[in-house]
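Order as written gives the chain letters A, B and C; numbering starts at 1 within each chain.
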């Protein structure tokens, strides 16, 4: 059952079109990776899905419901969460406050959920009261993801979580993503780093705003052409 | 020197009070509200208006404690704050929101607020004229502090009101869910929306705070100096500088920036003519923009 | 009858001077997208430079009341020339300081710089007589006609400058240099990618526009024959010119001239209208109705064409 469907989306900034009719599908409970170089439209796609950008053409369907162009504040209520690549934390607020803000639209007691997030990211526990902007790169990424998890989402959109992280941290992040997925969260992971294929079930390759390849992660890893062209082999 | 620093703190407290609203709105909407100074002027004059009305009532004519102004003036704070909040919300509805909805560039908002500032100032001139006005006849009460510092009792009042209000704002921003959401919105508007925080509703809170504080700042400035139609516009320049020094969207930054500006301006009179004070604020501001554009507490990316 | 003609001539002189300022702003903003909110500064530099270069040093009794840094007693045209040059130099200095700042900060910095210039002239008496300013400035060709007709001559002078500047700028915008400016306004990043040194072009545009403004300042100085720092304040020295450019249509010089005439007409004729309608007791305050008019005019224009002035927000977010 596909939880997210993107159909022929044409989207961009002002007069500049970045996505030229892109389609993809994410099945519930899976990890789907979207790989592509800089400027290929990965971030534009996520922004279009979450309503920050309105597509000129095409549709975005979440759990069968048409959410095309819906404002992000409202998309946040659907069960989908988004972790942007940059400026993805409230740097002037503490770690704890960041998580509280993540849970803003909830009315119930958020403390149990907060503990669960700290369990997933134990390094953050000692830094509850620290200013988010003072954290190291790796911790900030974890906090950014943690913020999104406070809503107990069914699905998360992750925009290049490995950005600027040392390799061992990248490994860690991808491990956490797998753990998250095992807990039942569907993941659409957008990355430049081909390592992201290893934790994925399915993958798409995008370049210049167009889909260049798709298949199971294993298929793409094995494909030599793709390996040369896109994965830097 | 100590004297100057003390006066600088008094002046700086008023600047700080006025800057908080400006930085909040700037942080959330990315628009620099040039009418903020004239909103101060309106706040001061509306108090004058109501004080005039209340001065007809006997018991309200007496001075408040050791201060120069009457109970009538003090009571007038309330309608002034209320009207200022109303004006702020009106400005948002009529000017800011249509521009937001149209996706206009923030500098367009900047230009529009210049028009609003002009219009407000014109109204003040028309209703009250160009002469100076005062809340009270003459000054009362001087405190003689060590190091040759002479402080008016009124200035104690100013400090109490300014920092009391700031404390109130801090409590709101630090302890309440709405307050935290406001900080989040000022810190990172895009992420706040992604988290589901409703910008329009939170903006009302921001305008409410801005409206209240700016009216108080205007009144306090009127107590400290006098009322004249240009008072807010002149003040705006110091507010600009304070907010830029403090960093976009940072309330703490605005407070620090305000104090620094106040102290810098007063201390500068040691070696510059007093009329250079606005220039001092500007020089500091430009230096900040050149060397550290995001200010002390600003966001990661300079805007 | 004569009264109306005189009024129209005075009106036309001021409107033309403002038209020159608007064209200068058009070079900055209309062509290059620079948010110069410090026009008053260049206005002041132009006016004071021309004044000091063309005036004589005060001697005798006058020297007790008037101080100035220098007085070279040069002819009018040289005064205007140096006004342009000095305004250009100041522009380059300002540009070196501020052009690398993002636009909002550039705008605010220019306000500060203009105010600082005004404050310096106000305080430093030795420079140009401080707050009292300079009087008795040269009036070119004043010997030719009787004093009551002098304005007609001056109008001619101003209009000649207006036309010269207009045609020069129109030529400039169609040149390769002008095209680069427009490319920068449209999309700075792409212009830079094309290999253009964006910073240098902006600096040149800043200097050119400032020189035009300097000429305007000089023309103003010799028209009013007296200048003080209070003239060069943000309202009449900067924001009214922005209003003129916005009302007339940013981006083209005809619009700049048209806007100047329209707004100045509104400004000066509304004074008359107000004074006629309003009771005597109210007359000192009535002129401020214009503040409200022009303020609302500016607001209405930005609201009716929200993207017409600066275009779209380049950021991703949309409210």
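In this text, a contact is a pair of C-beta atoms (placed from the backbone, for glycine too) under 8 Å apart; a residue touches a chain by one contact, two chains touch by 3 or more.
Computed from a prediction, not measured in an experiment: that's the story for all the values here.
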Innermost chain, taking as reference the mean of every protein Cα atom displayed: B
Dominant interface by contact count, named by its two chains: B-C
Geometric centre distance via CA averages, chain C-chain B, whole Å: 31
Distance between chain centroids, defined by C-alpha means - chain A, chain C (Å): 52
Centre-to-centre distance between chain B and chain A (centres being mean Cα positions), rounded to whole Å: 41
Multi-chain contact sites of chain C, meaning residues that touch two or more partners: 312, 314, 316-318
Residue numbers of chain A (touch at least two other chains): 52
Touching two or more other chains - residues of chain B: 190, 193, 199
Footprint of chain B on chain A - complex, ascending: 50, 52, 71-73, 76-77, 82, 84, 86-93, 97, 100-102, 104-105, 133, 147, 151
Residues of chain B touching chain A in the complex: 177, 180-181, 183-184, 187-188, 190-199, 249-250, 297, 299-301
Touching residues (chain side chain C, partner chain B) in the complex: 35, 97-98, 101-105, 107-109, 111-113, 115-116, 119-120, 122-123, 234-235, 239, 242-243, 246, 284-286, 288-299, 302-303, 306-307, 309-319
Chain B residues within the chain C interface of the complex: 29-30, 32, 95, 98-112, 114-123, 125-126, 129-130, 189-190, 193, 199, 233, 237, 240-241, 244, 273, 275-276, 278-279, 281-283, 285-286, 289-290, 293, 302-303
